[in-house]
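Think of it as A, B, C and D in the order they're written, each chain with its own count starting at 1.
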Amino acid sequence: MNHCEDNQTNPKMVPRSKEEIDHIMKRLKRIEGQVRGVQKMVEENRYCIDVLVQISAIQAALKKVGFHLLERHANHCVAKAIKEGSGEESLRELMDVIKQFSK
Amino acid sequence: MNHCEDNQTNPKMVPRSKEEIDHIMKRLKRIEGQVRGVQKMVEENRYCIDVLVQISAIQAALKKVGFHLLERHANHCVAKAIKEGSGEESLRELMDVIKQFSK
Amino acid sequence: MNHCEDNQTNPKMVPRSKEEIDHIMKRLKRIEGQVRGVQKMVEENRYCIDVLVQISAIQAALKKVGFHLLERHANHCVAKAIKEGSGEESLRELMDVIKQFSK
Amino acid sequence: MNHCEDNQTNPKMVPRSKEEIDHIMKRLKRIEGQVRGVQKMVEENRYCIDVLVQISAIQAALKKVGFHLLERHANHCVAKAIKEGSGEESLRELMDVIKQFSK
């Protein structure tokens, strides 16, 4: 990730490994492909029900990758914050994002 | 929609107008952009919480476009089926896709 | 259901059979018991996580009975309305309640 | 809460104050009342849509009390665990229950 080297990474962040990034990117690329697939279906006037089934599949895929990132964040970044004495702040942040998701 | 003319449209489908397609495509293009934005964030090792906030925004946008399509389908295709005597079959299909979404 | 006989039933309603009522009541009684169980846990200062697991079980049970009623309504009342020519109004009502649930 | 004194409270638990218990109990009593209200509606063969609107209101109320308990748990019990050195275990538990809710 050369273009990241000069990136001011958030100090609260345990950087993702190359493997982690690849794994998440693969999922996100698939989701992008699914969104483009839905665009094609809409343009081709494909049946609403078929479009809706695809949208529901994208939602499930997004939920999965979101939960994966949430767990990874808890296990790495929040756990690190706990060790370093800023656990409560990190926990607050976690609860805020969970609230966002539950809306 | 020239490339659609020879498309074997589902007979149950009330075709989308040019305006409808444009409106939905605009939303789906924005969602595609948001997904690509999240990819960039992941590659750049951006903070998990910020990535998660973006994912939650995509979920909200997808839910909105999905509900829009669902309502459109009910108001057009199911309503047409009701008038033409195949309302119950159409209703069954609608309930199945709603079940899918509620999972 | 003697006490229902003089009930001004909604004309859009296909009355529930004794069996249907018994089936739904059984589920709702169980849910009531679960809610009382949670009250007891809160009063006894039981561990939050255990209380939350119970609440999540109640949510799952409610979702199930809700979906059962929704399907029953579609299959009976909406189907009847379709046959009798008021299908579109009934469909609109159905979509409104689905919107409510999806909030 | 005299009847709780001899209760073997979970050591991970920061006990709820009398005020907290009263506040949560009030909400749970209201939810219990709502569940009984739905039972009455079902027995009286009230219109499905009206029953469904009530069920959706109960779901919203349960979600609210659940989130309240979740936040309280994070702010009290997990925060205490972090201070006492068992933060990671407590965080794992929290994530598990969140996973349960997101199902």
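Just so it is clear, contacts are C-beta pairs under 8 Å (C-beta built on N, C-alpha and C of every residue); 3 or more make two chains touch, one makes a residue touch a chain.
Computed from a predicted structure; not experimentally measured.
Peer 1: Where each step is a move between two chains that touch, what is the least number of such steps from subunit B to subunit D?
Peer 2: Graph distance in the chain contact network comes out at 2.
Peer 1: Just curious, how far off is subunit C from subunit B if you go by their C-alpha centres, in Å?
Peer 2: That pair's centroid distance is 28 Å.
Peer 1: So what's the Cα centroid distance for subunit A and subunit B, whole Å?
Peer 2: For subunit A versus subunit B, the centre distance works out to 21 Å.
Peer 1: Suppose each chain is reduced to the average of its Cα coordinates; what separation in Å results between subunit A and subunit C?
Peer 2: Here subunit A and subunit C have centroids separated by 34 Å.
Peer 1: Could you say which residues in subunit A touch two or more other chains, in rising order?
Peer 2: Residues 63, 70, 94, 101 of subunit A each touch two or more of the other chains.
Peer 1: Classify the inter-chain contact topology: is it line, ring, star, complete, or other?
Peer 2: Shape = ring; chains linked end to end, path closes on itself.
Peer 1: Return all touching chain pairs.
Peer 2: A-B, A-D, B-C, C-D
Peer 1: Under the definition above, what is the set of subunit B residues touching subunit A in their complex?
Peer 2: Against subunit A, subunit B makes touches at 1, 3-4, 7, 9-10, 12-13, 15-16, 21, 24-25, 28-29, 31-32, 35-36, 38-39, 42-53, 55-56, 58-60, 62-63, 65-66, 69-70, 72-73, 77, 93-94, 97, 100-101, 103.
Peer 1: What residues on subunit C touch subunit B, complex-wise?
Peer 2: Answer in residue numbers: 63, 67, 70-71, 74, 78-79, 82, 87-88, 91-92, 94-95, 98-99, 101-102.
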